[in-house]
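Attaching a single structure in structure tokens format; questions to follow.
Here the chain labels run A, B and C in written order, and each chain numbers its own residues starting at 1.
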Amino acid sequence: MSHESQLKKVLTEGEFAVTAECGPPKGADAQVILKKARLLKDKVDAVNVTDNQTAIVRMSSLAACALLKTAGLDPVLQMVVRDRNRISLQSDILGASALGIRNVLCLSGDHQIFGNQPQALGVFDLDSIQFVQAVKGMRDDGLILGGDSLDHKPDMFIGAAANPFADPLGFRVVRLAKKIKAGADFIQTQCIYNLDRFESWLSMAVDRGLTQKAYILGGVTPIKSVGMARYMKTKVAGMDIPDDVIKRMEGVPKEKQREEGISICVEAILRLKELSGVSGVHIMAIEWEEAVGEIVERAGLYPRPAPDRA
Amino acid sequence: MITGEQKPVEEIRQMIAPYKRILVLGCGSCVAECASGGEKETAMLASALRMAARMNDEDVTIEEMTLDRQCVMEFVIQLDKVIDPYDAVLSLGCGAGVQAVADMYPEVRVIPGLNTEFLGETKAQGVWAETCLGCGDCMLYDFGGICPLARCSKQILNGPCGGSVDGRCEVNPDIPCAWQLIIDRLDRFGALDRLEDIYPPKDWSTKQGAGPRKIIREDQQK
Amino acid sequence: MINAKRRKLALFYCRNVPESREKDRQLLEEACGETISFFPMPCSGRVEPVHLLRALEEFADAAYVIACPTGACRNFEGNLRARKRIERTRSIIEAIGLERERVGLVVCSKDNPKPLAVLAREIMDKVSSLGPSPALGPKALNEEEKGI
């Protein structure tokens, strides 16, 4: 089993990277993860595993990442600051590294009110930017917060998330700059449907020199149905779905909608490939991992560079 | 001020059920300001409880009194003269008031009639909002006078999180995004560049690092 | 306000209600003082929930407030305040199992202002179907039956 970050290798070698997402089950069955692993193997460079997304209790991201490693994939451990204090966050980084996990994505997390444990205490001891900074300190200086030294430094490729479409728009790039200043090596964005708006955000990032300091992977999500498109447009904060995307989905019969959704996704990736400053794509095919392979192939991104064998 | 809201009357009636002589005790400070435990509210609740008792054929005496402050010993001691006949006190003070009375009169059952909520301000008539967590290490200067711990749903010190819509928090659109407020405020002072620096992790030890807190001021002691 | 004698209605009214002056009140009390207790107020906005609750607790089967029409309050918004307080009082009595209708607000008509006597009769008609109030205790209910 390789204990190197394939994602880091692909990006540092200048290749357009491809990552996907894998949601752990609401249960203790390892097979669910291993099944998803089989669908994604060789189709992508690395696979993100979500961390109790939407504050719904699921198998832990750390455990699911360890399972993905046994299947030969390069996991990206997503960690939210909602559920754990700085002691256990830093502890989990050490544990993840010991298990050979080499990528971490540091996130705030959705507020507990949205999930199935609204009575839970939200911890929020650190915020996502302080967490990025803490991981960097552990990795580069072998120090935890407060200055105590570690026996052995963790090896992590550090990531953070960015939303080019969120309020307040004027401040988004400042926050992106802070994440990179804190130590983020790579950034994965929220899913993009409005390429024009994404490009204006990107140009601001380029102007600040941020694309020289961190790798930006544009997020995409294939739309399954008109219903899904409309839901995301109206009900999900921080999403920009242009009307012509909705119209395209409305314009095809029900049986053809999935195919249309995949086409729209592929077109977005092709546009992202053209943009300098974008180093890769992050495909979030929620509960539709089977679509990832087709998307990667149609976007001309298959085969993926082979990982080194340890 | 400290805010709170009255518990539902069914819950109160369940708690006072075993007692025969009850003193409903109001407080003239914070809870009067938020219209939940002041003299008026005490009179209203006592009347309602007496009616309920009569309607259910319950043999109980319910009387009322209001102290200026329930959290200060000098005021609580005024109960010395009156407390003997009662086997329970239904306190409409905040949690501090309830406990001050209970500590002073441990032989009397002191029952909370309010759910104490937060440290906050009266924003408009009839509207109170949470603004302070009592962290023990005030950072308001760094954030233009808006506390990101008390007013940001995720206590983010390097915000905003990206979930807000039109300056409203994703958790509840009634809540303004604290970070939008902070950005606007610092912009007004021409201090927006302060937000480019990474704010370090909060030292929570001043809030809970050594257990329940106490302040002792020798210059104030007898 | 503690009046041991049972009344069907405690009536709080704004002094701007037509024909509600001292003399009119005395005449009304002679006519129906056994059934209605009259409480003149400088403004309906001065009625607090505790007044209505104490009335229900001490002697009244029902407690009503008469207020001026919207926009016509001499104290600008006393009648608006009265509306909110009536609602609050209704919630409180409902929570203890008493009918909401035992407390109410009647707003004078701007175009067709009725005198106090007429309004009092109209409110009595409204509340008489409620029967004796259980808040005055089962003992009081028995007294009612006995015709005391």
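By definition in this document, contacts are C-beta pairs under 8 Å (C-beta built on N, C-alpha and C of every residue); 3 or more make two chains touch, one makes a residue touch a chain.
Remember, it's a predicted structure, so these values are computed and weren't measured experimentally.
S.K.: If every chain is a node and every touching pair an edge, decide which shape results: line, ring, star, complete or other.
M.R.: Contact pattern: an open line, chains touching in sequence.
S.K.: Report the chain whose mean Cα position is at the greatest distance from that of chain A.
M.R.: The chain farthest from chain A, judged by C-alpha centres, is C.
S.K.: Going by C-alpha centres, which chain would you call the most central?
M.R.: Centre-most chain by C-alpha means: B.
S.K.: Could you state the distance in Å from the CA-based centre of chain A to that of chain B?
M.R.: 41
S.K.: Quick check: how many Å separate the C-alpha centres of chain A and chain C?
M.R.: Averaging C-alpha atoms per chain gives centres 66 Å apart.
S.K.: Roughly how many whole angstrom separate the Cα centroids of chain B and chain C?
M.R.: Centre separation, chain B to chain C: 35 Å.
S.K.: Which part of chain B faces chain A closely enough to touch in the complex?
M.R.: 153-167, 170-171, 177, 179-180, 183, 195-196, 198-202, 204
S.K.: What residues of chain A sit close enough to touch chain B in their complex?
M.R.: Chain A residues touching chain B: 82, 86, 108-111, 113, 122, 124-130, 133-134, 145, 162-163, 166-168, 171-172, 174-175, 177-178, 181-182, 190, 237-238.
S.K.: Which part of chain C faces chain B closely enough to touch in the complex?
M.R.: Going through chain C, the ones touching chain B are 48-50, 53-54, 56-57, 92-93, 95-98, 134-138.
S.K.: Any idea which chain B residues touch chain C in the complex?
M.R.: 8-10, 40, 43-44, 47-52, 54-55, 57
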